[in-house]
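Two complexes are shown next, each including chain A; its partner changes from chain B in the first to chain C in the second.
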Partner chain A sequence: MSSATPATTQNQSKPRWERYVPVYGFPVVNSFFVVLSLLVIVAFVLTAYRELAGLGPVSGMNDAYGWGIWKTFNVMVLTALGSGAFAVGIAAWVFRRKRMHSLMRMALLTSFLAYACGLLLLGIDAGRPWNFYWMVFPWKWNLHSPLAEVAICMSIYAMIPLAVENIPPVLERLWYFDSRLRPVVTIIERRLHYFFPWIIAAAYLLPGMHQSSLGALMLLAGERVHPLWQTPWLPLLYLGAASFMSFGCVAGTTMLCCLVWKRAMDMEVLDEAARITAWLIFGWLGLRLLDILFRGALGTAFHFDRFAAVFWLETLSIAIGGWLLVRSLRFHDPQPMFVGYVLSSAGGMIYRFSPTTLAFRPNPEALYFPATIEILVSLGFISLGVLGFLIAVKRLAILPAPLQEWYDMASYFRFRRPYIRWTGYFKFGFFGEEESEASGSD
Partner chain B sequence: MAITRRELFTRVGKGAVPAAVAATVGVDTLQAAEPIPVPSAAVGLLYDATICIGCKACVAACAEANDTPADTRRDFLHQAPTDLNDVTRNIIKLYKPEDGSEFSFVKRQCMHCLDPACAAGCPFQALHKDPETGVIGWTPEKCIGCRYCTITCPYHIPRFQWAGFNPRVTKCELCRHRLEQGLKPGCTSVCPTGAVIFGPRPVLLLEGKRRIQSNPGRYYQDRIYGEHDNGGTQALYLSHVAFEKLGLPELGPESVPARTLRWQRRFYQYFALPAVLYAGLVQVIRKSIKGHEEEAHEREKRTGLRAQL
Partner chain C sequence: MKTSEKELIAVHLRRSGVSRRSFLQLCSTLMVAAPVGLSLTSGSSLAQVARTIGKTRRPSVIWLHFQDCTGCTETLLRTSAPDVAHLILDVISLDYHETLMAASGAQAEAALRSAIEDNAGKYVLVVEGAIPAKDDGVFMQLASRPAIQVAKDVASQAAAVIAIGSCASWGGVPSADPNPTGAMGVDSVISGKPIVNLPGCPPNPYNLLALVLEYATMGRLPELDEFHRPKFAYGRVIHENCPRRAHFDAGRFATAFGDEGHRQGWCLYKLGCKGPVTHASCSTRHFNEIPGVWPIGIGVPCLGCTEKNVVWKMGTFETVPIHLATPPDTYPPIYSTAGKFSMGAAGLVGAIAGAVGGAAWVASQRFQSSTEAGVARVATDIAHAEKLKSKPNDKKEA
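Now for the complex of A and B:
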């Protein structure tokens, strides 16, 4: 299969993603960027206030709903969207779906940002964060606690395997940036590659553990979680939801980027991603419905209450999303595919949000609605992730593109922006020549 | 493709199958409720709702014994908390049905479960069951303020302090500081009718059974709540109305953590299964990386552009 078609680049009608190419020709700072930065600043200021005033004055949390959106949305939901490094990575490295490698850098980047922002907010949400230092004493851990598992495993994952997996694009940029750095970069890269199998394997084991433990968190809450959601299978369902949601996030974001920055889409890669996602979705839906059936909870889905409404909203949007994905495969049509990703991921988000919030019934009178400050901080940390993403795709080679895009970028920096020294991808005047190790004596 | 996938399964299978066999052999023994050990010097409370007159002396005494300020937030005059909260470890509540049938008071405080859900979830063992007395105490130096305990406790006992930069988790700790000095808990020492008494758990159980026997028909279901419920608790209840009405849910004889975290605990036992998975993954990925690198270098030769891995 490998090199059967040597002349793929010439095939203009069917673009193939063959190289990661940074987004060029668009300034990093634009009005959207400024708005996001303002949101981040507001969130930082409010965070400082929260650290002084405590959680009560800034949030809608109360004795009945001890957890608010910082945990239940920014961590539970957004890290599921950010499990791309896990799900896409397993498809690419373990099941050797070679085409998925084109999406790998997107997956790694979105994962890292989602986890980093989630973890920051997890620290802000904790009432006594200074006691996190117990994390360095493994014998003090409560190994039976799903929360300990989540907190420890997530931090280790984001700080070691995920961060390391994101180093290659940075090194690559350094390599192109200055020829004096090349020997060092090459040495570091070689070291890195040596450890990669262990790091990548950890990058699949750890999220597998903590994404399922996120589901296990609510097991202890017992009957207070509505029977449509409370099941011993919660860990597996959480993991499954994370898998298809993250595929949706990675592929959907890539498509959106292609649209915004006018990139060609490789329908072969996208089709394969959609096919995998559709399988994941229908497998997951089957498991979920069987579980509800066997526990005899199906009746509650036909009550006329908010729980049934949430259930149907979530199930239908996931199912319709899956159906759209399958349809898009027949016509290789990016439009229903994108809508399919959006719908299924939105449904998955509702699913991940429900057990802790929408379907959590601590007592009949209790209510929770996030306070304004709470929402602003939550938004601010999402903006932080988006900011990071925008900077990264414009400064590093993250987005996949046809080979031609690389040459276009090289000539762009040479002829249209020759004065750019620090922000361009290449060293001044570099044209993408002198790439082989032999002639790198510059 | 198919071959590589099969290869993955066999690789993982080689290690996982023995592990799975071991697990399934052990299932029968693990499936049965594991008996929960009762601490050697387990102490507790026995509350009898049929005797309680609702004077709330114990509420005031509890605040005094624990050196907490009186909660006057309701009318800024009286110590009248409406529920357990960040300064209230003990509360008397009234259950009064609308149809005019029997009413009852109920004293709510920590049940000191034999297998506590709060401690099962607490990440760094800030909530910890004393191995001797069985009292579940809170250690401020280990608490990260995650509030998981307020979600896991089936009786909804621990309360988080929502104001301030140094919040505490408040729950009845059976006046462990007083027990150390040889004193009785605050609440039991002031109760005018003896509705709540303190003692070693076996003695309290005997006393409860004696009361049930000498007053046939007086007590709900003729049983003590907490003898077996939720795996057994150290605070025991007698009542003339249904326990559920008093906020004591029917949880069955198995404790909440044992019932809900069984599979979770088995999966992580000795970290054996994760370790096997990890080893299998490393093997498969090693091979994939080799293939991927070869392909990338081939492409480098073809395009003249540096390989991107």
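Now for the complex of A and C:
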């Protein structure tokens, strides 16, 4: 057991993420899961009520604020958090930050869940379910709506690139857990290989389009958005905020998962993610402050009102978060790193939330505060995403882990589930050398 | 122009080196300017309009100036894209125009004579400016003849007469009290010819172009109202399509130049805007091909320049009675109801934010130990690996 010499331990004790491994040894259903399920059920019941009763009784929206938190928070803010597939993907594939590949499946999964839940809630917000069948006739779409780009682009992105990019973990599970399915998996995988590059390219094009279009939407609001936020650069700033927020979401969630399920953290990967995030944060902050400065809106940041308060809250959150990330790099310390991710993402969320709600002032007397039902439905759909996440990471190989974790899992399942025709765990040797495949079957 | 037969517009444009693209752009602008009310453009596609115009012989136009400021000519020439003015001058055959031609004196008179003779009975006479009629028209002389005589002579051989601008339509500024020259519009001087008035100070040049082309291609004049104004351009009052109409309906008025309402772009009615009684297309067809370029668009009340009974007859800041008030059944509130703020919802938001923040805080406090746990775990893993490596075949027994 203790045969490892101190020298090699020194060298090898730094955990390395080498493989995606499902979370095993923890039951899927626990008390947290039950609470989330209850929230989802409550949200579904309230959704049915909303479809019958209309928006009036269930939401706090009024003539001045036509967009409630279902759009402004669940879609505009949470899809920014869920842009990991875009930001992490571009860092890994386009800028060749290869370590980011170990966070890729987390990014793809969180993106898919954020977009899917956001779009579901968007459909519920739109209402009139009896009209939904018109969606399949593209010539009936209202292409003159400012929302057309966002709606079309988001739905296509969530339904095609994101869904397809999340197929490999599912195929992998089929491959390893039932050898009879292997021929099918092989065929599907070959097909996937054929158009995967196009899917990946679309997965970078589409979010770039709609994440900036979400900002462009608020350009239409004109002077109703406070000058600290209303700028022709809004599309770019929205895209930039989505980039660093999604890095925070992906890396922060991975760290949280490692903490909860007692997994080793690869500080090299996390350091690199933190470095990229810090660059994104300070670049973005620079753009934002330059923009405010050149538009001459800086003075309004020093007025004593709620807009200035929100501005300083978000700016300081992002800046302190970025500073903590930079600081964590020096000591390879996960604690300030995690706090940095949380703070910067929270600040980014406030930024994405502000132009639509916090800094939106259609007239001096208007007020919007979400109704209780609205909040519960919003919370329920977030819970739905979290539930999906919990099931996925425990059933599919999503989280990165040291290679040994994979073998531990194999022994675990061999012991716990002897009836499963699991196969192929020993396709690769311990240190990556290939072994004959037949050796591991059954 | 010695031949009495003009060439086809398409042939002339090709010879002048005008691209089909610019021609189509002109046609589309024309269609936008006069979408309905013209048999040329209504119900036709752009290609059809272009084909119809291209197959037409260039209409001969003789342009006479009387008591005017040349503003109507300026509006024809001062299109924002210089190509447009050239195109208009290529499409119509402007055979005599005192401002634009190089000739003067006897040479100019000869040009007028030859233009009349070459196209006798076929040319369109465009009159710009009021005609002085008092004291046998001694107030304006053209080639030693009173202007009123020149107008009658040239009009006698014209196919149709177009009075461009408010002066030619009913007298305009020169006819304002006390009207020392007895200035009057074309229709008071000339009789027996189809006369179309295009009032405005200045009118939109596209209305003239649409009118001339309609006459050239279809051989007839468009439908006119009681003041001989074509209905396609003067059928509606400015108020009906005014971009500031919503402010009028909501009761938001600018009350002084530069006040808060004026800066916010509110309705100019209380500043004396004559839009509610002025029949013109300014609110939908702006000037110089630039959106928003027209008086109300730049914050100046409408003067009512197309209406004989309004401009020069009413005070600039005098408000007009609303004849076409169409009150809605209910008035929308100017400020919508403020939303509700319930303590329960606020508490819920606070609880959620607290729970998430608290969880993040608790998690952040445990990170150090987790790393240690992870490192310890990997150490055992490595030990395990060493063991496996020492007997590499044990897993094959599985």
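Note that in this section the second predicted complex is superposed on the first by the 383 of 442 C-alpha atoms of A that agree within 3 Å, B and C clash if a C-alpha of one lies under 4 Å from a C-alpha of the other, contacts with A are read in each partner's own complex, and residues count from 1 in each chain.
Here, contacts are C-beta pairs under 8 Å (C-beta built on N, C-alpha and C of every residue); 3 or more make two chains touch, one makes a residue touch a chain.
Because the structure is a prediction, the values reported are computed rather than measured.
Visitor: Who does A:408 touch here: chain B (first), chain C (second), both, or neither?
Guide: A:408: touches chain C, not chain B.
Visitor: Considering only touches as defined above, state whether A:61 meets chain B (first), chain C (second), both or neither.
Guide: A:61: touches chain B and chain C.
Visitor: Tell me which partner touches more residues of chain A in the superposed arrangement, chain B or chain C.
Guide: When the residues of chain A touched by each partner are counted, B comes out ahead.
Visitor: According to the stated criteria, A:136 is in contact with first (chain B), second (chain C), both, or neither; which is it?
Guide: neither
Visitor: Just chain B (first), just chain C (second), both, or neither: which does A:202 touch?
Guide: first
Visitor: Does chain B (first) or chain C (second) touch A:193, or do both, or does neither?
Guide: first
Visitor: May I ask you to decide whether A:221 touches chain B, chain C, both, or neither, giving the answer as first, second, both or neither?
Guide: A:221: touches chain B, not chain C.
Visitor: For A:144, select first, second, both or neither according to whether it touches chain B, chain C, the two together, or no partner.
Guide: Only chain B is touched by A:144; chain C is not.
Visitor: Determine, under the contact definition given at the top, whether A:335 touches first (chain B), second (chain C), both, or neither.
Guide: Only chain C; A:335 stays clear of chain B.
Visitor: Overlap the chain B and chain C contact sets on chain A and report the shared residues.
Guide: On chain A, the residues that contact chain B in one structure and chain C in the other are 2-3, 61-64, 362-363.
Visitor: Which of the residues in chain C come into contact with chain A in the complex?
Guide: 333, 335-342, 344-346, 348-349, 352, 360, 363-368, 370-371, 373-375, 377-389, 395-396, 398
Visitor: Which of the residues in chain A end up touching chain C in this complex?
Guide: Going by the criterion above, the answer is residues 1-4, 8-9, 12-15, 60-65, 255-256, 258-260, 262-265, 267, 333-335, 338-339, 342, 362-372, 374-376, 379, 402, 404-405, 408, 414, 426, 430-431, 439-440.
Visitor: In the complex formed with chain B, which residues of chain A make contact?
Guide: It comes out as residues 2-3, 6, 18-20, 51-57, 61-64, 66-67, 92-98, 101, 125-129, 131-132, 134-135, 140-149, 151-152, 168, 172, 175-176, 189, 193, 196-198, 200-202, 204-205, 208-209, 213, 216-217, 219-223, 232, 235, 362-363, 397, 403, 406, 432, 435-436.
Visitor: Can you name the residues of chain B that touch chain A in the complex?
Guide: Going through chain B, the ones touching chain A are 1, 4-5, 8, 83-85, 117, 119-126, 140-148, 150-152, 154, 156, 159-167, 249, 251, 256-257, 260-261, 263-265, 268, 274, 277-278, 281-282, 284-286, 288-289, 291-293, 295, 298-299, 302-306, 308-309.
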